[in-house]
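The data blocks that follow each hold one structure.
Two complexes come next, and they have one chain in common, chain A, joined by chain B in the first and chain C in the second.
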Partner chain A sequence: MGNLTRRNFVIGGGALALSPLIVPRAFAQAKTIKIGALYPLTGNLASTGLDNRRGVELAVEIINGKYDLNLPLARTEGIPGLGGAKLEVVWADTKGEPKNGQAEAERVVTQDHVVGIIGAYQSSVTKVASQATERLKVPYVCSDASSPTLTERGLKYFFRVSPHDGIFAHDQFRFLKDLEAQKKQKVQTVAVLYENTEFGSNVGKEDLRYAQEYGYKVVADISYTNNATDVTSEVGRLIKASPDVLLHASYITDAILFTKTFKEMGFNPKGMLTMAGYIEPGYLPAIKADGNFIIVRSTFALDLAKKKPLVGQVADLFKKKYGIEMSENAARSFMAPFVLAEAISRAKSTDAEAIVKALQGTNIPGDQVIYPWKGIQFDPKTQQNVHATGTLVQIQDQKYLTVWPFESAAADVVWPLPAWKSRK
Partner chain B sequence: MADQLLQQVVNSLLIGSVYALVAIGLTLIWGVMNVLNFAHGDFLMIGMFISFWCYTLLKMDPLFSIPVCAAALFLLGAGIYRFIISKVMKGPGLAQLVVTFGVSIFLANLAVMLWTPDFRLIEKPLLSGTWSLGSVQLSIPKFVASVGSVVVSAAVLLFLKKTRTGKAILAVEMNRDAAQLMGINTEKINSLSFGLGSALVGIAGAFLSMYYYIYPQVGGLFGLISFCIVALGGFGSIEGAFIAGILIGLVQTLGGYFFDPAYKYALVFLVYLITVWIRPQGLMGS
Partner chain C sequence: MKTFTKRQISISGAVLVLLALYPLAVSGSFAMHLMIMVFLFATLGVAWNIMGGYAGMFSFGQAAFFGIGAYTSSFLFTAYHVNPWIGLLAGGVAAAAAAALIGIPCSNLRGHYFAIASIAFAEIVRIHFNNWKLIGAAEGLTIPMQDESLRNFMFHSSKAPYYYIMLAFLLLSLGVCAWVATSRMGFYLRAIKESHDVAKVLGVDVVRYRMAAIMISAFLTAMVGTFYAQYILYLDPESVLILPISVQIVLVSMLGGAGSVMGPVIGAAILLPISEFTRVKLGFKGSGLDMIIYGTLIMLISVYQPQGVWGILQKIGRKKK
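Let's turn to the complex of A and B:
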């Protein structure tokens, strides 16, 4: 070192400056666990996919970093069971179409060698993607697609954290019964309206089944093509049927168009119980006050923070990172990385069979989830989370407020909803 | 029952006339150049976004941004013709098909990049609300869009039949070589028609933005339906496209009401298939 020339100094300094970039990266590569995330990042559902992505990104940040939160793996860096290995997400764009779901699932498994998969929001896409992962023997943890059939197929590698539409549909009818018993409201007839892909048509089936079971008369049973340019004929049928309650399962585009058409043509049921599209983050900013009084099924609402401080902490982190409120979609996708990473950590291995075995033994207590559930435990047969339940939120003053179950409600339900003409 | 029937017929006409305006732009481009513009639906989307930004940034109601949309889309259409389409006109037909397809994908993704995939609505357009005419609920913005579409369609027809430039466009449509021999600058007519066709879809976009949600993929189904209308009406026929637009509106709305909403678009394409089976040249084609 006695001969330190200026040139050597510069070279050495440069190498030194570069070294943090090079060394930890090589190091990290050896200790990185890749998981694949399938979402509609472009296409019709791109706004939804972006929201799912935010939820997953925040979850992975919490897993990889050190956070004082009561979430699985939050207080440690990375995955403790694998010596603090970091989780890395390989993003796959389904464009909202089943054919891409399958191709992308195959791509991330065969090319990127992911050890597990999460996603894909849409039931139709999740269905084919999980068939591909079953064939390739890769664990799939889903916390956002809700068609009941997904967990009825007896797949070995597929697990679902969130409630399915059968549970949600059941909730809606239990709500109607509660409404009659406790709020002395009379409900006799329902109309069932649903989009005709995997998601909507299964909700339709469940709705019809529960309507019969709970003794409500179905006065209209309408399925329609999603992404319609015009829905006046559907709404015309609804007006003719004049139901007490509308049950609607739809994605966001149709939710916006239907709401506008309800107003325009003056469709006034006593209540609207809806799913999916009505709670997406794009819905209210687009439709504003016309969305008021609509009731949506939900697994998450910001007002849960009153009873569960964890919800508030996570929601704050989310708002700080993205500048917007955490939505239901983001909150749903948020949980899957934790469940998968926690199982990998217990398995102490990235071997698929070991991870599946660990997932089957998952037992995350209720205080470590951001939903009003008793926890996460998978049914040994269907591998559906047995504790997953839903809540109903009502849009009041352009905010989603929990209104059912009545005992955990943050606001009183407004019923019957005011006719369009009488609104300001 | 009868009330809803009347309501449904009214609704069919309202949506059908807007379909017609979208399709007229497409049929004009096809008629003159034999180019199928796959980016037509995306042009509609751009028109809607221009109207949205005029409203949001300049506080300009969609009703007043119609000329802005028309002018902007004219330039976009003519520009895309000059710099992209005209280059492949000499190549094989497939190249023209692929190039407009490429433009379509490019525009949709550009819109996602520039404006995010979020849904927008023009919150308080000048025209809003509904008129109750007896039992029929008539949406005011839809009614104005519909009347506007009819007026613009008629104006286009008049322009083509009565002005020198219009006649030149029709001449090129009839026989390009003969028109060239008569001293018509066909290259100029090409970019003019492409611009004009695009301007029409821009106007349709401004009308739609008064009541429809706006997002990068909004042009998809509108584009597809307008292809169907153009083929049904007869390739290149303005009158045909207008009649076919109204017809498709009727089939879609009444079919959805009486038959089954799940199949209303299937019915639209069924009517198309039956027509081309009986009359391959379309309703007004020659």
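Let's turn to the complex of A and C:
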């Protein structure tokens, strides 16, 4: 490119910068209801944000179009309570930073006049963004951030559909009890291992609380930084403590590192109950068969389709639209637009107070959600969905299979897990 | 001390009047947010300039001072109900003390060695705060909402008070910087920047003046940290103590022109709107195009105009004469 002069380069760059501004805007439809969606669409978490976005896009398509699905507002076009008005999403990029969460929430409310907000994925960003919407008196329906503190602040305009980390931690202990009662497996001691940011340390706190409540002895309580490059000392302490069960809250890179170190050093508890990192799309490709038998919390698994045809129908639509399997992140974000739109439809108004009142009266039955829940109803005080629970999936033959709750299990849980030496 | 020309005085007067009227002219909180961010980074840049631009101490660790300021006032408020304005002063003092502590061992480091040490310092602070249970560790601190008032340093119904406070902070730091630049200290700092040894031979107390520059810079930076905390009402190590904040501060100053009083202001006035607008207009597409355009602009300026935009303006001014 010898003849690329400085001038041409600058002009080209300028034109590139302006191009999105001169594309004509689509003709505004007579009746559209705007909602704002905050996600980390660029930056470190861009791939996750994109996954969240796909879930929301599909949900809005189902709400606006006519689909023979047992989901709220699927069989009608648009929002029936407002004469079939269409839902329009105003996308806002947080870049994963709290200050942008605030700025973008304010911008879409004051400039685009959205009637409600969804999203943010990260708990820290959600925290700040929901403070902004509280000040502006705009409803916020979150179905993807999991810090328990979000719904403990007494906010009036903030609702959470999905389970929080406290619920997930509780699930793990309920699983252990069920295991003892139904599968006659004895568990006495647990080790708690967690990365030390907001997510991990909250899980650690909840784990310790439930261990006491359920009467398990905690033989190790270990926190670490998630960008550690060597965890042999942590694993050494675990081996020394020799717990029946390991409870681990991690992100992806540390999940991979720990799994490798477990194998190298031969750490063999009866079971490993883990969170987050172990179910990210990058985990299994990196670790392959060594990930087998690890149990992970999840809100969603494709095999739920066996018991719940709706899950299969939605997952098929997703795969047709994007060419990839529906991930947990996409599935989590999927539900928020339905909850918000269904409340707007019942409120028959876009007035914030009316929508909040309708949200408080939300009662979506279990057969209309794509998770194994009894439905969606908000606690009058915290506005957390009281029916939100997680499931536990176990990696078997390098696939995530639902193993708990036992009544919706797609596979039998393998317990105790085989020692590293005896694996081929 | 250099005297200002009539033209300079009338231009700055007009700019000030325009800035004072800006909140009345615009609607929507985003326009206000944008200007607040411009002022915020301009102030951080001006504070950096005192040590980086004049004294040649290229700090890539300003986030540490910023975070210490934000954390001190927020912790004092959440734990002991200390008024944030007092917290602001306490944060400034704490940051200046930290600066002195780090300044002593680093006082003989030059050029990139100082830059490396500053990064290390900021990372130590970040990791320490990340594990410090008393101040919320990695979970951070949430500042509970209070009634809005100047006394509480908290406003809900309008962003205008934040705007004026941040503008006042900017003017204050510009005043401090102009004073440093034109005082005896400014000349000493420039002498130190040119050559440590020559300055020492000429009788300049190198360590003392370098320390003074770092401490003033740290105090002003911490003050902005408190403002940030009161503006966002939530902070964790990831949002106030990370390296990208330090880099952004250096960028703003270098782009506008390090070593001139107004340089960082111009840098912030160019960089922040570009970064905010590209995010708003392009970020939602998720293509990363906004970052590419942003990066390209920075590259163009650093390759073709290393003195910064202020250098370009000066060249134009000289031609006119």
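As a working rule, the second predicted complex is superposed on the first by the 368 of 424 C-alpha atoms of A that agree within 3 Å, B and C clash if a C-alpha of one lies under 4 Å from a C-alpha of the other, contacts with A are read in each partner's own complex, and residues count from 1 in each chain.
The working rule: a residue touches a chain if its C-beta (ideal position, glycine included) is under 8 Å from a C-beta of that chain, and two chains touch if they have at least 3 such contacts.
Being a predicted model, the structure only gives us computed values, none of them experimental.
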Once the shared chain is lined up, is A:Lys307 touching chain B (first), chain C (second), both, or neither of them?
neither
With the two complexes superposed on chain A, say which partner A:Lys177 touches: chain B (first), chain C (second), both, or neither.
neither
Counting only touches as set out at the top, which of chain B and chain C does A:Ile287 meet: first, second, both, neither?
first
Touching A:Leu257, do we find chain B (first), chain C (second), both, or neither?
first
Contacts for A:Ala46 in the overlay, against chain B (first) and chain C (second): which applies, first, second, both or neither?
both
Counting only touches as set out at the top, which of chain B and chain C does A:Thr197 meet: first, second, both, neither?
second
In the overlay, answer first, second, both or neither for which of chain B and chain C A:Lys156 touches.
neither
Determine, under the contact definition given at the top, whether A:Thr225 touches first (chain B), second (chain C), both, or neither.
both
Where on chain A do chain B and chain C both make contact?
42, 46, 49-50, 196, 225
Which part of chain B faces chain A closely enough to touch in the complex?
1, 4, 7-8, 11, 15, 109, 112, 116-121, 123, 130, 137, 139, 142, 211-213, 215-217, 220-222, 225, 252-257, 260-265
Note: in the complex, chain A contacts chain B through residues 42-44, 46-47, 49-50, 196, 222-225, 227-234, 236-237, 239-240, 252-253, 256-257, 260, 264-266, 282-283, 285-288
Counting only contacts in the complex, chain A reaches chain C at residues 6, 10, 13, 16-17, 20-21, 41-42, 46, 49-50, 53, 91-93, 95, 97-100, 102-104, 106-107, 110-111, 124, 127-128, 131, 135, 149, 153, 196-198, 200-202, 225
Per the touch rule above, chain C residues touching chain A in the complex are 28-30, 33, 37, 127, 130-131, 137-140, 142, 145, 156, 228, 232-236, 238-239, 276, 278-288, 290-291, 293, 296-297, 300, 304
